[in-house]
Amino acid sequence: MAGSTFGELFRVTNFGESHGPAIGCVIDGCPPGLALTEADIQPELDRRRPGTSRHVTQRNEPDTVEILSGVYEGLTTGTPICLLIRNTDQRSKDYGNILDTFRPGHADYTYWRKYGLRDPRGGGRSSARLTAPMVGAGAVARKWLRQAYGTEFRGCMTQLGEIDIAFEGWEHVGHNPFFAANASQIAQLEDYMDSLRKAGDSVGARIRVEATGVPVGLGEPLFDKLDADIAYALMGINAVKGVEIGAGFRSVAQRGTEHGDELTPEGFASNNAGGVLGGISTGQDVVASIAIKPTSSIRSPKASIDRAGQPTTVETFGRHDPCVGIRATPIAEAMLALVLMDHALRHRAQCGDVALPIDPIPAHR
Amino acid sequence: MAGSTFGELFRVTNFGESHGPAIGCVIDGCPPGLALTEADIQPELDRRRPGTSRHVTQRNEPDTVEILSGVYEGLTTGTPICLLIRNTDQRSKDYGNILDTFRPGHADYTYWRKYGLRDPRGGGRSSARLTAPMVGAGAVARKWLRQAYGTEFRGCMTQLGEIDIAFEGWEHVGHNPFFAANASQIAQLEDYMDSLRKAGDSVGARIRVEATGVPVGLGEPLFDKLDADIAYALMGINAVKGVEIGAGFRSVAQRGTEHGDELTPEGFASNNAGGVLGGISTGQDVVASIAIKPTSSIRSPKASIDRAGQPTTVETFGRHDPCVGIRATPIAEAMLALVLMDHALRHRAQCGDVALPIDPIPAHR
Amino acid sequence: MAGSTFGELFRVTNFGESHGPAIGCVIDGCPPGLALTEADIQPELDRRRPGTSRHVTQRNEPDTVEILSGVYEGLTTGTPICLLIRNTDQRSKDYGNILDTFRPGHADYTYWRKYGLRDPRGGGRSSARLTAPMVGAGAVARKWLRQAYGTEFRGCMTQLGEIDIAFEGWEHVGHNPFFAANASQIAQLEDYMDSLRKAGDSVGARIRVEATGVPVGLGEPLFDKLDADIAYALMGINAVKGVEIGAGFRSVAQRGTEHGDELTPEGFASNNAGGVLGGISTGQDVVASIAIKPTSSIRSPKASIDRAGQPTTVETFGRHDPCVGIRATPIAEAMLALVLMDHALRHRAQCGDVALPIDPIPAHR
Amino acid sequence: MAGSTFGELFRVTNFGESHGPAIGCVIDGCPPGLALTEADIQPELDRRRPGTSRHVTQRNEPDTVEILSGVYEGLTTGTPICLLIRNTDQRSKDYGNILDTFRPGHADYTYWRKYGLRDPRGGGRSSARLTAPMVGAGAVARKWLRQAYGTEFRGCMTQLGEIDIAFEGWEHVGHNPFFAANASQIAQLEDYMDSLRKAGDSVGARIRVEATGVPVGLGEPLFDKLDADIAYALMGINAVKGVEIGAGFRSVAQRGTEHGDELTPEGFASNNAGGVLGGISTGQDVVASIAIKPTSSIRSPKASIDRAGQPTTVETFGRHDPCVGIRATPIAEAMLALVLMDHALRHRAQCGDVALPIDPIPAHR
């Protein structure tokens, strides 16, 4: 209600601040009997963590996860799973210069106006660091969905600033710091980032994220539609300004004769829907794209005001990602996994595990 | 939980099917003491209702709203407000041909797979007709927000199929059937729609919706962010495939030096943020855009399957909007109003009605 | 949130006032495929309705239920079921004398203080009449639970004022106006009520309610315990001042050697637990008792104040039950059914429909 | 939803097991600006903790609380407050003998049946130890309510087994290990406990808990009534089998002329209501009583079954409270505080902080 719990039946309650003693989350509603250790979670956190290339913040944070509860002898017990991540590199003095001013494009101003006070250290609660526990919770959801349905998640960067990134194959994603499904444009992207960093500026990105092996029938009409919940989950990631499902904004100029995905006994013939019709999964791949704005913490000076309302100029030093989108892919995958996990549990609450009346048509991918 | 209630503190529970005896909603959590009669609600329903121009479905439905509870001597009492709208024009036989087949791009298939059965009359629960009660509830929210803060809502169509609609002024919106903020392109739009209808095809649209006079501080980190909740609300409208806040997908190619809205003692100098930073309202106008896909019920034949999984061809007759986006503007305004209303109540729950520590900087519009 | 929705997964949203045009509820989350018509619901409403004996209010209200949505061709579709009950006998002038004063022991005062205004007609929203839609929703839950698990509900009055009512057998409950499981004391109870009515006074009652055929494993630790939710549901019935599970207050003076129900291969050897251990159902009968206070609307004069805070005297005429407990049995059964229904869905969300690791031990009844 | 979060607007998410590495909770929705340190919380935990007299478990656990988030420079920031309590004395081997059997009257059996597995160490999640984080969260609520309204909480044991404990004055509660509002019966209670312990048996208790300085108007009709939420909160405490508000079960035998609390310009003339009418607070003291069953873990042998369903005998050694009611008073106070806190926030969400239309009548205490 006050915004720190995600999900209805697979509920993740997030806590912590960027520079407090720890961040973490409590997962409530996880089915019992899932084999789970830190080793299932740590690899996803490692994909997201800072300090892994020169294009992301040099804050050096191991992000080691500890399971505090909810697991006994290697199996989930059905009770809350608390994941704890200690903050180890807090160098708060780097942020001293922003205590009394508001970075343009940053939540500094709104937090202060909403609550009347704010924790300025590293962005406090508004830091993208708070996505780490969600990536951890997402790893739990991913494991359960994989075992239950064979559902898998993947994502890639499709645009960096003005540069469109051609899709060359999913196998490339793990081999470059941008999560690009591409091998031939990496040097171009690296040069682009280097020049940005030199200029003290930042840039946006577009990320595509998908789920495969999705059961038919997930999503609730009228309001907890699967696509509406995906939009909610992805728009809630720091710096996201737009969300598309399937054909997204391209569907505006499409005709009905073109857009509607035809059904055949072998499956859907196309996937403009992005795997969701009427808010309910079709069994096709669920496909979403997000727009990420440029980082607001930049070295270049911008006009702002101070807490007294007086004009001032803000330049932000410290260790900031020049493109927050670079680390957004595993985050978006995790959020998509959390949405599907929640809807899988909701579905079986109302409709049970019973067999559906006919065999599913094979899903088009 | 099962998807029929919208909102946390200003909760709207929607019920009904397109061709059942009635549709409606129950609003729980409305503040007491608001002057309210059907006359406050009916005009908004009239803006949305079918049969008002040749470009929308000719289903002739007066959509007369009746307040069944929650109001005593013209004032809300703080108890649930039930709005009832009788269905009067149900011509169900028009849909007889779709009982056993699935329209490509339509929820026919997913409803049937999820529940094992479906009400096919007029799309049943998946019909856009179910947005009518939300427009009714939105009218209540709009009245309260207007009185409390001076908040107002407006929207317009900015693209119809391939045609960009130039913004000429809000005053034009009420004078054409497209909700276009434009006077000079109307004939072009009408010709376009006429040819589409003749071709038995349909097309998408892009809608822009705004709130003005928004208080600073609405929205909850980490998950019930104002923009995330707007994305959820708008993506949940029938046929929506994309949502943008502020600069939206344009922000991908922006630099940080360009995107971040500078603050001045006179207010923000621009509004790339769309009125939301860190998930919390800035006091600027809240601005969102949505992509609406083309109607899936079209006369042109498309390949599909029947309930036995056998191939077939579907052509949909009956009275359908060739562009569902045409009537989407008042719906999107209503959903935006419901989100802001809910967050206004949430904010005062946690932070009270107390004065904020400094005078707000004037909002840039 | 504002108190008009009951349940988490089988959600019942209640609306209406005693003397408005209608009362009703919207049930969201009902599993699809349940055969349902008004004939499944009306008999339970008839058990609760006024005017059936001289010991209850003579308000003559048929309480005819109408299903407005969620059912197609006699089967639930998984979408919201709206139940509507028109108010037909509203004789509001009977209550004219209470507009400006507050009945001692009644919600008149608190409603007015909470909301700043109130609907005084027939108690408005605080009327026990609002339990009718819950009895209707309870009938839906009962039918589903009966089919799924063989669960049944029953209840009886065990005390009327000072008179303990001996348990002679469940078969007697339907044959007297008190829902007494007793045939020999009925004349005594009738005389007692007649003298009360003559005296212009009222009296309390104790009701026992049970569920049989309850699956093992319903209830969530730590907070949504089955017994906690039962306490919540029953304490929320108008005029209830106490709730017991199993041995209840008797357990205070019991020793551990006496209280703990021993387990045998044939089942539990006793049922002090009332069918719940650690907040989770044991498979035994779930047994609860409630205390109902005497009706506050009585003819005998009592001291009170008026809206200006001045002392006055209140005597309530009009048609009131001299013992609200008389009609409480079917209400308590319905609320218990709604709790179990909700927990049945919650359980299968987290734990699935899968078989449990060993055969259940037979339940002691 | 899965039972680990308490409250709607002041939400407390509890995690941990009796013998895991830590227990704790996350408080979401706390108003910003409240001065808060561990020193505000630790004294309440100390009132509840084990090892403080020979009549409670000798488990020696300091229960030191650590604030991990949500506080900056000594003030709450409005973001989640994580309270962590490390488990230091876990001697799990004491419980080895209960791994394969089920203690009569204990949650061993139901946990195992619900989830298919259980954490047996110290009762795992079903341990009363999990009330410690709630006492911590309650301390936060108490501080805020005290500052906002002057609300205070107090409680006492009113019955131990067969022994009624006379009320001699609140000042005695802190001076004996039983939380008895009594000085003259302490020796009797100590002898009683000593003989029980010698007999290897346990006994129940009755606890009374009160709030003073309660604002008028808290509580939501129809379902989130203040008394219903109190019943839910108190019945959810380990081992509670009954809850009463005000006159409770005594009201069954009362007449309307006796029960209804008369209003005078100086306040209510009595408090049979226990401070709640129609589910809404009257401004009087809120008064509730609970029945606590005898501890199920006792040395005396009882019949049971093992996991294979075979008959066996269970004797529980280890360190158990012979009367869990002895430490229940601060827990019940905390749960009552959490309910009132939540309703205070809910009330101002819907009704605002605005002045009520007339001065309150003074509350009778």
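Labels A, B, C and D are assigned to the chains in the order they are written; within every chain, residues are numbered from 1.
The definition used in the following text is that a contact is a pair of C-beta atoms (placed from the backbone, for glycine too) under 8 Å apart; a residue touches a chain by one contact, two chains touch by 3 or more.
Keep in mind that what you see is a predicted model, and the values were worked out from it rather than measured.
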item	value
Between A-D and B-D, the pair joined by more C-beta contacts	A-D
Centroid comparison with chain D (C-alpha atoms), farthest chain	B
Cα-centroid distance, chain B relative to chain D, in whole angstrom	45
Distance from chain D to chain A - Cα centre to Cα centre, in angstrom	39
Touching two or more other chains - residues of chain C	1-5, 8-9, 14, 29, 32, 78-79, 114-116, 125, 221, 346, 350-351
Complex interface listing, chain D residues touching chain B	1, 9, 29-32, 78-79, 221, 345-346, 348-354
Residues of chain C that touch chain B when the two form their complex	1-5, 8-9, 11, 13-17, 20-24, 26, 28-29, 32-33, 66, 68-70, 72, 75, 77-82, 114-119, 121, 124-125
List of chain D residues in touch with chain C within their complex	1-6, 8, 14, 102-107, 109-111, 113-116, 125-126, 130, 159, 161-162, 196, 201-206, 216-225, 227-236, 238, 241-265, 269, 272-274, 276-283, 291-296, 298, 300, 302-305, 307-311, 322, 346-347, 350-351, 356-361
